[in-house]
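Shared between the two complexes below is chain A, which pairs with chain B and chain C, respectively.
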Partner chain A sequence: MTLTHLLVFSATALLAGVLVKERGRGWMLLVGSLLAIYWMQPASPIRNLDFWLPSATVAVAVIGWAATRSGEDERSRENLISGIVIALVVIAVGLTRYLEPLCCLTPTRPPQATQIIIAIIFTGVLIALIAWFFPKRGILLNLLFFSIIAIFLVLKTEGLAQAASAWLRTQTRQSTNLASGLDIGWLGFSYVAFRLLHTLRDRLTGRLPDVSLQEFVIYVIFFPAFTAGPIDRLQRFIKDLRKSFNLGSPEMVSGARRILVGVFKKFVLADSLALVALNQTNASQTSSTFWMWVLLYAYTFRIYFDFSGYTDIAIGIGQLLGFQLPENFTQPYLKTNLTAFWNSWHITLAKWFRAYFFNPLTRFLRSRQNKLPLPIIILISQISTMVLLGLWHGVTWNFVIWGAWHGFGLFIHNRWAEFAASRNSAPQSPGIQKLYNWSGIFLTFNFVALGWVWFFLPTPSLAWRTLQTLAGI
Partner chain B sequence: MTTEIINGLTTFITTQIIKRPDKELALDTPLISGGLIDSFSLVDLALFIEDTFGVQVDDTELNAETFDTLSELVNLIKSRQS
Partner chain C sequence: MAQENLTPKPDKPANGRFIRNVIVKAFLLFVLLNALFAAANPLPLLGRISAYNLVFPGRVRLPYSENPTQAYSLSLFNLEAMFASHELAGNAKAEDEFRVLLIGDSSTWGFLATPQETLTAYINDADLVTESGKYVRAYNLGYPTISLTKDLLILDHAMQYQPDIIVWLVTLESFPFEKQLFTPLVQNNPERIRSLINEYDLNINPDSDAFVDASFWERTIIGQRRALADLLRFQLYGLMWAATGVDQYISTSYDPPQIDFEADESYYELTPETLSQSSIAVDVLAAGITRAGEVPVLVINEPIFISDGVNSHLRYNFFYPRWAFDAYRQLMENQALANGWFYRDYWNLIPADEFTNSAIHMTPSATAILASEIGKTIQELAESGFQSSTLGSE
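After this line comes the complex of A and B, so read on.
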């Protein structure tokens, strides 16, 4: 999200809050979010891809709705109108190709209108087929679940993304020699995937409320949270969407304040720190232990201010639109242990992994006939969850090591907490407790900071060399 | 009935999770947000509730938004038993 995006989104949210009432709010959010995802999509060297990627996001969202809807459709007319509106917005974005002064909402010229209309008809038929004629709902939901994970793997694995780029280039008759894994920058897909996987899984367990097509698509592509979260749950999101909302001065003040805080964190603090933060070039050039620590701490604060600033902006714009999006950061670097850190860093992502991976895996391991020893179960659950969370950022060894680093850290903390609890010691004096807390904060902060070396640097060898410099070796 | 549920939960949490049988748990003590029950112990608590009270607690419900205190947990169990 650039400053221009931010200004336009905030102004639109304010205007909409003042002018749009009741039923118009849903349509405004739908059309606004649709236009926003085309506008935010970065350019791609593959012809027309920056139009087709947001279009695919819309298609996937509609397919997600069709697969998770219940049999009884009380709002079929409204859903049909929503479908038509979505198709018309997609066509309108494409038609900007022919309007020189307005061209274009997408970074490059959209494809020809006939191609877009054919794609819409094809998607419409596909959706109708899976929604009304697919024999077993359970199989359909699982099929979509694993299809989303497969797409995710292709996008996040460099070799596969490069192969996909080469294939797309043959379709557009472009040179495959220039194919790169970076060609397919599908904006927002990671977060769209989390929302869809949550709805598919909750439909499977019968815990998904019935929502209209309009509500479902708004939930999946809600523009303030589209590129980097927070990852809301549909059950919570629709409460805000369905409530009657009038933008008053309390929402304006708190929303504007939150946006300003976010802008300061992201565009002033994080961007200034970026000038001295650890990167591939300075990591390989710096040999001084002291300066390496300076670079690392600068990166540690930069990533926090950048990401939490973005979240502040998303939450602030959400407030102007009548949504209280969930918090993603609650002073994570001031936590006394790693478990508390992961309860306050990228909270909605950690919750997602807990709900859909950690808890089912732990439940399975704890319910088995041949039970493994408790510490082994904790070790398996913690490390596999954190490695998976690492892999979500990209399928590379560095992210695996970063995940394992945190998984192991969480395991050690868990065992330490267990040991401390079993000692049943008497309450400590306030001075000792304070010292204990500050030591915990210092240790946790530095453990997390050292973990960022694996997270940010591209290869294990460079990360290892950096860690050696930090250790003065 | 409510007292039985409270006693059952209190005994399990104090002896099996926080390992301090002498600790008194108030009905409004924040269990999850207060750091008394970690994510691993939450799964154990869910398994205990299912075995003891015959109530299913889903993996997506093991968080402070669904229940954070003893009284919220008791209400959840009772609402699913009826």
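After this line comes the complex of A and C, so read on.
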């Protein structure tokens, strides 16, 4: 999201809050979000891909709705209209190729209208076939669940992404020699995937409320949270969507304040720190232990201000639109232990993994006939959850190590907390408690900071060399 | 009563009027600040506030970069900020220091060379001591654009740092009048350059369109936002300079100097008949020597690449037809003798295979050879008490 995006989104949200009345709110959010995802999509060297990727996001969202909706069609007319509106918006974005002064919302010229119409018809037929061939929803939901994970794997694995790029280049009759894993920059797919996986799982467990096509698509591609979260739950999101909302001064002040804080964090602090933050190039240029720590701390704060700044902006714009998106960061670097850190860093992602991986896995391990000892169950659950969370960022050894680093850290803290609780020591003096807290903050902060070395450096060998320099070796 | 006043007022819900007042006041304050900024022009003052030589070590050469994020440096036009970042500003002159300032183009600055591979670095590595027991300490004030006026601007500013000698490396390409206002550093310091033009009666048009004269609006915070952001970024890059010692992105691949040429002997608008003291900016060189006053200026004709390719009987290299460069050398020799300048001509000191990507950029080993010669000359001059001006050519 650039400053221009931000300015336009904020102004649109303000205008919409003032001008759009109750009934038009849903349509405004639907059309606004659809246009926004095309506008934000970065350019791709593969012909027309920067049009097809947001279109695929829309298609996946619509298919997701079709798969998760209940059999009753109380709002079939409204859903039909929503489907037509979505199709018309996609066509309209494509038609900008013929309107020179307006061309184009997408970074490059969209494909021909006939191709777009064929793609829309294809999606419609696909949805009909799905409904026809999968009367038993369970199989369909599981199929979609694993399809999304498969797409995710392709996008996050360099070799597979490169192969996919080569295949796409062949389809567009472009040279495959230049194929790169970076060609398929599918904006927002990670967050779209999390939202869809959540709805698919909740439908399987019967916890998903019935929502209209319009509501579902807005939830999946809600533009303030499209690129960097937070990952809201559908159950909570639709409460805000369905409630009556009139933009008043409190929301305006609160939203504007949050946006300004976010802009300052992202575009002033994070972008300035980016100039001096540790990266692949300067990690190999720096040999001084002191300066290496300085660069590492710069990165540590940069990633926080960058990410939490985006979240502030998303929450601020959300407030202007009448949504109270969930918090994602609550002073994570001031936490006294790693468990508290992960309860305050990228909270919605951590909650997602807890709900859909950690808890089911722990339940499974505990319910086995050959029960494992509790510490082993905790160790397995913590490490596998964190490794998976690492792999979400990319399928590389460094992300695996980063995940394992935090998994072990969480396990060790869990055991320490258990041990400390079992000793049941007498209350400590405030001075000792303060010292204990500050030590905890210091240790946790530096543990997390050292973990970032694995996170942002591309190879284990470079990360290891960097850690050696940090240790003065 | 006092206690009552300290009691916090209950929070009032924000209303439209409150928001309007905030916006109006913020806008008025912003306009006022911009107007004050434009009137006061505090950029030179701000340039003096520097983390270099305080938090970070001073830079060993003036900031210049075409790839800021990779070089951890950027090109500024603010002379105060440029000098404030230089180690020269942080090193108080010691009693036993013989301070040498090197001025010149990219060759002196050290294009494609690390800070340890520049002329200055090699002179300092030699640990020279003058006959009077002073330690020779050289400072690199080269800047990668070719213009004698740019050199004069730097020399003028550098005089406050108490040099014992100024070594000014020149080449013919820095003399044509067309080149004098060519560099952005000169164009963006119009007042200083006009002042030099007036003071030394230079043959440069003070009303040239090349000068960037900022309007009132361009002097506001909005108008100067790039300059302000650059100042801030430059301070941040100090951290990277301290951490890595890198101040230039050095590409591993580059094109070597051109060897073969068209049969073209033109050089700007000059001809063998018209190339004279008054047709090129010898007056700027003379102004620099005058500006240095009591401080001796050693003028050096820097080495050039001498091609042996097609039409090399007509041209020495991409820059110079033979007739022009030969005439220039003769002219400089005559000027030095006539005016009593300390002059040394090292034009053919370096073999052709020791040039990197242009006719004046040298490899580290070639730079070391030139540094050795300059070091010897400085010592000779110091030993003679700066009496001899009869330093001939190589």
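In the analysis below, the second predicted complex is superposed on the first by the 471 of 473 C-alpha atoms of A that agree within 3 Å, B and C clash if a C-alpha of one lies under 4 Å from a C-alpha of the other, contacts with A are read in each partner's own complex, and residues count from 1 in each chain.
Heads up, the rule we're going with is that contacts are C-beta pairs under 8 Å (C-beta built on N, C-alpha and C of every residue); 3 or more make two chains touch, one makes a residue touch a chain.
As the structure is a prediction and not an experimental result, all values here were calculated from the model.
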First, second, both or neither for A:Ser190, with chain B first and chain C second: neither
First (chain B), second (chain C), both or neither touched by A:Ala417: first
Which of chain B and chain C A:Thr362 touches, first, second, both or neither: first
Chain C versus chain B, contacts on chain A by residue: B
First, second, both or neither for A:Arg207, with chain B first and chain C second: first
First, second, both or neither for A:Thr300, with chain B first and chain C second: neither
Partner chain(s) touched by A:Thr68 [first = chain B, second = chain C, both, neither]: neither
Residues on chain A lying within both footprints (that of chain B and that of chain C): none
Chain A - residues contacting chain C, complex: 249-250, 252-253, 272, 275-276, 281-282, 285-286, 288, 291-292, 294-295, 298
Residue ranges of chain C in contact with chain A within the complex: 13-16, 18-19, 69-70, 232-233, 236-237, 239-240, 242-246
Chain B residues within the chain A interface of the complex: 18-20, 35, 38-40, 42-44, 46-47, 58-60, 62-63, 65
Interface residues, chain A side, partner chain B - complex: 202, 205, 207, 236, 339-340, 351, 354-356, 358-360, 362-363, 366-367, 378, 381, 414, 417-418, 421-422, 424
